[in-house]
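Next come two complexes built around chain A: one with chain B, the other with chain C.
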Partner chain A sequence: MAKKWKFGTTARHIGASLLLASVALGAPYASAQTRGGSITVAQSSNPPSLDAMVTSSQASRNITMNIYETLYGFDDKIQPAPILAESVEVSADGLSYAFKLRQGVKFHNGKEMTSADVKASLDRYKKVGATQTMLEPVTEIEATGPYEVTLKLKSKAPTFLEAFASPRAPAVIIPAEEASKPANEISFIGTGPFKFVEYVPDSHVKLERFEDYSANEAFQSMDGFGGKKTAYLDTVTFRVIPEPGAAVAALESGEVQLLEQIPVPTARRLSSNDDIKIYENMPWAVLTFIFNMKEAPGNNLKFREAVQAALNNEEVMAIATEGLFQLYHGWMYEGSTYDAGDVGAQSYNVADPEKAKALLKEANYNNEPFSILTDSTIPEHGKAAVVIAEQLKAVGINAVINQTDWPTALKIRLQDTGWNGWTLMMGIEPYLGPAALVSTLTGAAPHFRANDPELDKLYQELISTDSVEGRKAVFAKIQERLYQFVGIIKLGETGLMQASRANVQGFKPFRFPRMYDVWLEGQ
Partner chain B sequence: MTRFIAGRLISALPVLFVVSLVSFLLIAVVPGDVTAEIAGADSTEAQRQLIREQLGLDRPLPEQAVRWYANLLQGDLGQSYLLNRPVTEAVFERLPVTLSLAGIALVLAVAIGMLLGILAAVRHNSWVDQGSMSVALLGLSVPDFWLGLIFITVFAVGLGWFPTGGYVPIAESFTGWVVSMTLPALALAFTQVGVVARMTRSSMLDVLGQDFIRTARAKGMRGYTVILKHALLNAMVPVVTVVGVMTGVLLGGAVVIESVFSLPGVGRLIIGAIQRRDYPIIQGGLLITAAIFVFVNILVDLAYGWLDPRVRHGR
Partner chain C sequence: MAADVDLAETNDLRRAMARSAWRSRYTFLKRLLSHRSFLIGAVLFLFIVLVAVLADLIAPYDPNKNDYRNLLAPPSALHWFGTDGFGRDILSRVMHGTRISLGIGLSVVVMTGLLGVLLGTLAGYVRWLDNILMRIMDGLMAFPGVLLAIALSAALGPSILNAVIALTVTFTPRTARVVRASVLVIRELPYVEAAVAIGAGNLRIIFRYILANALSPLIVQLTFVFAVSILAEAILSFLGVGPRPPAPSLGNIIAEGRNYLQDASWIALFPGMAIACAVLGLNLMGDGLRDVIDPRLSKVRDAG
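Right, the complex of A and B next:
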């Protein structure tokens, strides 16, 4: 399936010229990095917590990943790479992971990080971590030396390191004395390039440069969540501005230097403003449509196939994302390690009403209402639902929309009845890789309510296959299966528009705003 | 006088009780589940049930109500589910922001509104009258959030006179506080200017037409003394009534304005709590806001007594 870029050409030109500028400037660009200055970043919501382990919220991650670090984290190629660890040695039987720690790494309180802190932090994660399944295979966490921690697994888990490196609710390392405290009661002390100064809810979080930061010299530059990080800025303030118009105004007036997200139409308007740089963070999330497989008519495969055939994904995505989207059938991003190639492409974005009508006949569909659950809290959800409903009505499906707010939608869809279809934007799961994505579709609480035994089996195979190549092959089978039983439909990929003042240098869009390796021109 | 105040305070109790009951029951009928918010969208029913038990949400509603009222009588509004802190602490921390905003807006609305109203009444049927009433009508018609955004575009982005948002505590810097509050308070006040102006105008026109004003003028009293001392004071009673009602409108409007200007006030706290079903914050926030409204209206009642001795002496 051809990839389509729908965003305005102006912005693409900007992106290209930015890239060219950075290439053309080459060496002088690097030497121009200057220390000092302060940046204010605006984001739309409060971080629910700054205790990084206990939350998987993006609003928290944006801030906490500048404060804390993990043993391992994803690099630019989404492979686990050492951050606070130097290396890991996996025993031949795959049951023991010995992490060698970097020496001389300082916490923000001045103390050096040792194996005792790491053990205490991971023990705490097992109790309060928001993605506790991450450490579920681990039976024992042992400090096997002052700078070595060994994790013992109950059974072989080849994807353990990938899961462990996940930034979803990161297993960050904090001082042992903090790790003994319950969730949300710690002082925010990490090892990252910025340290916590203050948090005023609904107002701001302020960070300042950690002068004793121990950069990871094993790398040349920042790389994904890790690499060699250098903090140039004196302070970074994350301001909470819920109203998008006000956030843009603050950027235009220069009070705010970086917007974590900017509405697409505004980005188009600002693309001609010389004082502002626009960044396109693509792909950022995957918009999906999920069936309730426990209730008619969604429990009928032919019916689900009819829906898949009826959908014009391009139309849905164009309206839901205000034009910032790309179409790709793959459940892993194109070109990423686990991208399964052409598998399933023929069933994606079919937009064939006649085929859909024929399938409906085969399904013996009797005009039962098909209730699409959606919410107004995440605008993409509601807009996608409207377009989907119209497309389904056009082929003779009695589609009705049930729009609520997010908590209500969440509650309804956690039940086996009361809904037939559901729109969901998956933010981080498609980025984290196959295991993270498929785990939401299997196990005790799959998104589509009923388990697909074949998918469950493939998931077990995925997480028990040793090599990356082997897992790639399994994931291709999973992708095929997803297109066969149609419990979930991938609508398309959407991006995140971000913006900064023109004097902000070195900012590279990523899964969170990395405020290290960013500096201000003319500082 | 003491009996008058005590009577007013006692009559406020049933009002507060009804507010607390309604806010408690609303929550029982509102769909949505805080446990999914805490445990995450991909949590299992068992995990959510555990949280429900920890929070006491699995208990029957009457039992939850009894527990809530028992704590309330001891001044304890409970613990927020998602903020991990007591409700009173979270609300009182934000109260200065909302009270500053609503308070300044109230003063501005009354000052500007009365000025326009007096001018319109004194220069009845002139261009001043029509001009003032046009401004008043504009204020009534324009939504405050839109006005807020226009103020930001013109005065913050365009002219750069004010910040686009954010709050500076008065303890940190007085000028900073004034500057940070100016645009939001003006935006909030403007919608109420019209109400005060129209009320002042009609009430002044009534009074100005009365015999004692003609007498005052006839005995050679200066124009502004007549207007400000004799007419205005008598025209104040209906205006003061409006102020009482307006407090509620301003506290409600503050919710929107706090979002537009990114002010960390009680309104945003409650909105955030509603969005995430943090019941104790919603209940406590509503109760405290209602208490403020009731208290202001008691002050208004007292003001009647000050303005009109007949009320004070129960005549």
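Right, the complex of A and C next:
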């Protein structure tokens, strides 16, 4: 059972306006879709690269997923669904995946996509892709026909298709002649509904509608990363505005039509503004607290249990997310395929100081400093650390905060010493599914430094189990194990507030701003 | 007999000297207090000091107590200055913040004063040291003040002690220069020559005759250092190299309020006002002190 909190108590009024916004969205578009017009989207940072496969940055994904497409991608139910592929045939032994390609798909340069382009793109991904483990089981990529590509796997990998569909650093298909170029040196040519026009760093990326876009007629409408996409807008410009205040001002003045992210208090203030629509993208990420299990006192299970018992997750989440959160103990989002139900619920959001103190006594805790590593770059991290520190101090833990900038924190947490706890927001892993999540907690460098042999075993079981049902059962065991050895604590789920001008129609919050199927009213 | 008379005369003289010293101190105070800007500055500054000293008694809440049911509450009867993104009472945080800021300011003044006097006197009194010391000071002063402080605290790591060290290193050269300038002038004065003539030792000459008379410009300089270090502390905290959160230093509070300028302006406004009060108070006091200590300057200014 999930306890849901959309906004804190101070902002109940916003619920009503959100409802209005979603009613407006859900209505069977009273105004017909109209072609034409231009939209400017504001985001806070430069895309590190527009070569989609070499980066896993959200700032890049926001833009590139409008330009490029993959063979398979997640649909709205987070299941792999064909995008540039028509279907996939898996051999009985699970060692061969034959992808049938859609025919007549055009690249932005006018050329038709064939198996040669797909093979070249995937070969390139093996060399420069940002999440190369995705293609690690693949030994051979073969064009087995003009519109068929076959991947040969070295061993059975039941979760291969899920991993292959991951949008983290997507395995996009680009023309073969581009695929021979090194990372970041390609011309940005894809098959998506928008094509690249120009990139002026620190200013903007401009896209325009691709007139020859071949929509996937197998679908009725857009669906997750795929589906039937229709571009209505003439151009889409992604502008880089680092200061949230400036971005909000640009939206209010009408200079910008869509904000990829807007501070929650600002969303509250703008909810009464008729010129602006507010969107709640929930759940967007999971906020976690991670122990360093190689250093005292975090190396002691009883101590970790004490911290888990001491935490008031509701307070941490309310403050860290400015009221935009929901509490759920499950490591997979509630209602998603792998949601493990009640497992672990009794250990979540305990907030029992007496129990914590008793556990501390059992742990023989002798007031060693407990240094919480955090950063000021991502506000949720720093705020959660402050609240956690206060709660731990209240049960007698000598908690201190070590606040650095994000790159420094990322460096420190890779050490076995020098930190005891770490606040981390996991954006895409919980969305991608169990394998993506657990892979960060096992292997050579698990987040909590010391391996848990039991969890490592369960992970191997997870990725070698054939059926979804079987994997569900394994994941339930994993969730139970996570609550038993307490190397990482799930604090709660947070959302993303987005906003647009009122005349922007058809926008549906997703893992990236989908600028297709969006049109301007009265254009 | 003769000896008795001598003694009596000496005693009289001593008493007269003491009286005149008291009188001059009294007139000095009277002149200070009748100086309007000094008085306004002193009242402002004393108010801040009082708040800082009594913060534990008069602050309505624990400055680090989070209250997630009261996030970003605007100023009200319950929270006069409103609350921040953690639900913490801004009034209480500002009160405790003035304590941290004044504490840092005072520590910097004391350390800068001691180091500045030591280095300035050495440079001014010991000829061969002058060039060496002052070139080092010039080197330090070649960096813009706040930039040097930021670089130092970034290198040392964020903490109150490191902020004090960084600011002391930054402001000591300026103080040393002021002291050295005074020492250079005074050491050539006839009464110092007289002291040398009667065989007074170096230490006696320095403390009794030179430093005693070099103090006035130093005091004025130190009020300035005090004000600037309060400002610099706020800058350091704002940039995240000051005291670690959740310490309620004024700069930290403003830094937290930066993201809410449009939606919860009270978070940054009130600590900003506290800094303004403290700095304005100190500067007015400094101006007043300078006018009273050095009447020539005020006359020049009045004439102009």
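Convention: the second predicted complex is superposed on the first by the 497 of 523 C-alpha atoms of A that agree within 3 Å, B and C clash if a C-alpha of one lies under 4 Å from a C-alpha of the other, contacts with A are read in each partner's own complex, and residues count from 1 in each chain.
In this section, contacts are C-beta pairs under 8 Å (C-beta built on N, C-alpha and C of every residue); 3 or more make two chains touch, one makes a residue touch a chain.
Since this is a predicted model, take the numbers as computed values, not measurements.
*Asks:* Fit or clash for chain B plus chain C once both are placed on chain A?
*Replies:* fit
*Asks:* Now for A:463: first (chain B), second (chain C), both, or neither, which partner does it touch?
*Replies:* A:463: touches no partner chain.
*Asks:* Who wins on chain A residues touched, chain B or chain C?
*Replies:* B
*Asks:* Figure out whether A:245 sits in contact with chain B (first) or chain C (second), or with both, or with neither.
*Replies:* In the superposed model, A:245 contacts both chain B and chain C.
*Asks:* Report for A:149: first if it touches chain B alone, second if chain C alone, otherwise both or neither.
*Replies:* A:149 sits against neither chain B nor chain C.
*Asks:* Quick one: is A:407 in contact with chain B, with chain C, with both, or with neither? Answer first, second, both or neither.
*Replies:* first
*Asks:* Looking at the overlay, does A:65 come into contact with chain B only (first), chain C only (second), both, or neither?
*Replies:* neither
*Asks:* Based on the superposed arrangement, let me know which partner A:444 touches: chain B (first), chain C (second), both, or neither?
*Replies:* A:444 sits against chain B, while chain C stays out of touch.
*Asks:* Can you work out, in whole Å, how close the C-alpha atoms of chain B and chain C get once everything is superposed?
*Replies:* Between chain B and chain C, the shortest C-alpha distance works out to 7 Å.
*Asks:* Both chain B and chain C contact which residues of chain A?
*Replies:* On chain A, the residues that contact chain B in one structure and chain C in the other are 245, 405.
*Asks:* Provide the residue numbers of chain B that touch chain A in the complex, in ascending order.
*Replies:* The contact residues of chain B facing chain A are 31-34, 36-37, 40-46, 48, 82-84, 90, 94, 149, 152-153, 156-157, 160, 163-167, 259-265, 268-269, 272, 275-277.
*Asks:* What residues on chain A touch chain B, complex-wise?
*Replies:* 46, 48-49, 56, 130, 183-185, 200-204, 239-243, 245-246, 249-250, 252-253, 255-256, 377, 404-408, 410-412, 414, 439-440, 444-445, 447
*Asks:* Can you name the residues of chain A that touch chain C in the complex?
*Replies:* Residue positions touching the partner: 8-10, 244-245, 248, 263, 265-266, 268-269, 314-315, 318-319, 322-323, 376, 379, 382-383, 386-387, 389-390, 400-403, 405.
*Asks:* Using the touch rule from the top, collect the residues of chain C that touch chain A in their complex.
*Replies:* Listed in rising order, the residues are 64-66, 68-73, 85-87, 158, 240, 244-246, 259-264.
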